[in-house]
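Working notes, structure below.
In order of appearance the chains are A, B, C and D, and numbering begins at 1 in each one.
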């Protein structure tokens, strides 16, 4: 039986909440009590109201963070009532957070060239990854896609952190015109080959990335999204199907980061 | 906070307090030990077990609703063998009642699993699920026909050597007929209620949100219906009742007990607040103080007089 | 906002839009004219009428619940005569469907009031309440027994010269049996659903909050159950259905219509937001635009395919 | 059909929210849109959250106010989740209010000596009455009761407004020791006799006041409280029984102020 029983409860205080444009925002919070260490790619469950509606917590990837969990940031897109409530929180507001949960993005042994393919708020975990796991032998490339240049959040910050950033926009306003998967194929066709591809973003994008990686024989880890009631393996609501078996695994506990060969995205 | 004795006797089962966590919301008991020591609970009920493992329904399986949620997990579970080989050993040292929820596809399966679960010393009691709305066979088919209920309870009564609790479906015209049938067949207690059948539609996709079309509605939204059914069952039978449905506070526990529950089970709120079981068990004494009650058993059925 | 034609045909009844307000939440139609012009609605349903005035239950009659409320009004109403002499004249100039909800204590009373209401030219349709959970006689006794339902619907069918809509109770094991019986007896439409029976307990007073002990649960809390029952009825019968239960937004209207409702009724949310009827009628076109639908009728039952 | 259809919707902005002590607070708000005139003793229905829980609006007497409704104040006691939410509103916060509803306290024709008997937050409507209905011939006396001196809200303000204030406290820390009804009886025994008694407060207090008034042959108007779903006569939830008849009338529309002889308090 685990001893640090309540380590997963984080009452947080909002320290910043900045709009990023197009309904996106960057929420930064500080836990009040001794937190648990966070790994890049993990997520937390945020209670958006202390009343009974909205009922369930909202899962959010930890974006930038202090490794000991003493400061966690989120890159959030306003899509419904829960994210709307989060978008209007002011510094000083309290939020009830539990976590972190799930597997993170782990760099496979010996891997040096790490490509990250992100769509929309899918860049979130890669901020944490590239800012917290720095090693001289690691070479990060981020392929980021968005509708338009204004939604390529944090491109400059990634570049400042020494990440090689390749952009793709659907309207051609920045980088490659088209989907980020075209940029990915183009890079591979140039003869580049990473040791691992990490991907996070909309499911259709991740599905395409996983296929490209499989064809090219590259290990691909994808961070899945799923409707979650608990976030820690109790409800069995968030499952995804295993590839080639009539079996379901939880996204919240077995994932959210999976080897793309093992599940049906 | 006062140092009250919260022990209740649920038939032959002694619970150190009336706060138990409900089937399908508490895994096999270990999931929550990262949040608190589950021995602070009066007990917990495992996810529903069947003889063979069950894959469950295709996702999406859950959906938020106003003050509640829908689920159509489809009774995914690891099966009896793995439960015995993996979970039971891991539960060593847990000092609380372990109630195993189970179901079958046929009367024979129900009887068999009840027999096999009776052999496990760590198991405190059995809870028969005859009310799951999310599976084709078994489940609700037994729970919405009084004769089928009598038959399956009678069969398990014969094979079970543990206290046998029957979990009733709220999706019936008159729950008291079922309560009476269970008592007549020798059930030791009732769990009231399982989820209400509900659904949600995704207006963009123009189809039901859940792959299973319908799901079970749970959470505070259903509390008034659950409380009414506990009230009715208490008027009808003498066997003890677990009150279940939307419990989110110590006051809710007291409401259910005053309606006639001997103990309660907390379901969906475990997801929203994973510490809730301990929190409610810890704060119950102070709420009892506030309403001027010194003995927990003094409130059972108190609203009937 | 687009200039969509929102007209729906509810059997022979033409509604300028599918947004109707529900019985017991809209008085006799005039209460809300201080908030907006009720002619913007597709129609409204009056408080349930009986032949003689009815005093209703003792207070407390209402109680808040999570995302909903309980009521045990007990069908207080001014009676048919006063309705005809005072309310009908005052409704002159209201350009929307006036649906009169009614009930009786006996089959004969149901038939008589249905006959008398049929003589009032301003009345667009009749809605039979056989599902009120808060009165001893009449009401739910007719609505939870299929044979009683058939009998009372058949009697009113004979005396009614207006479209006859039957309002069903959700407190039954299988609502489709009742839907089928109503259709067989010649009902022109169904209203699905009335309230779920629930209760609440005052833990300080140690007794039920409502003087009537139980009450009817309404509001967003019950929406998933209501939607499921509309879905089931749509699969079972051909007559049109009013979807009712927890509607609080234009998206909810669309959900109910996709589940199979031809029109909807808004109940408890009228209390929370007295402008909601107009607000939803006004915003429905823009939500239809958002989901890429040009004809309102295109969404009826759309989630079934 | 009434023409000013939406006059009863008042989106308000909080302009002040001051704690009064012992869980009471004074909330002042300003309607954003053209409001309706308010009469003393009327109430409004406040939506405490824009989510679905808490579900129903909360009825609150208008306390001090500008007669045209352009500023309304409330004296509120925190008792549950709705009043808790109201207690933490900051200036600038928006609240959704509908009203005003109900009958107010109307001074009967020819009445000059007006006694007001208030318990707890029951003083609220009398602030509005004495500050907005001022006539040279009117002589106001307020009998206010509370547990203790610290809960005798606004005694000084009433006095400043020229109201004769008599206090009663259960612990004897101010004025008469005991219930306000003892103070009332004492005044009457002194041979004083008002033309009308208005009362607002807990039901047991009002019941006692009404009995004393009836015995003394004085007209008594009481402002009733009742659980309300709508506040405007639609739900029939808030009823009170008529005296001597098996008939119920709505508190929200027929009342909340009733001639005490007509209803069972």
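For this structure, a couple of remarks:
Keep this in mind: a residue touches a chain if its C-beta (ideal position, glycine included) is under 8 Å from a C-beta of that chain, and two chains touch if they have at least 3 such contacts.
Here the structure is a predicted model, which means the values were calculated and not measured.
Any chain bridging chain A and chain D, meaning touching each of them, is among B, C; the list is complete. At the far end from chain D, in terms of centres built from Cα atoms, lies A. Put simply, the C-alpha centre of chain A and that of chain B have 36 angstrom between them. A straight line joining the Cα centres of chain B and chain C is 34 Å long.
Rounded to a whole number, the gap between the C-alpha centres of chain A and chain C is 47 angstrom. Residue positions of chain A touching 2 or more other chains: 52-54.
Contact with two or more other chains is made by residues 65-68, 219-220, 248 of chain B.
Viewed as a network of touching protein chains, the structure reduces to a complete graph with every chain in contact with every other.
Chain C meets chain D in the complex at residues 24-27, 31-37, 47, 55-56, 58-69, 71, 73, 76, 93-94, 219-220, 248, 268, 270-275. Chain A meets chain D in the complex at residues 49, 51-54, 81. Chain D makes touch with chain B in their complex at residues 52-53. The touching residues of chain A, when paired with chain B in their complex, are 1-2, 5-9, 47, 52-57, 98, 226-241, 246-248. Within the complex formed with chain C, the chain B residues making contact are 65-68, 70, 144, 171-173, 196-201, 203-204, 206-208, 213-215, 217, 219-225, 227-228, 231, 246, 248, 251, 254-255, 258-259, 291, 299, 302-303, 305.
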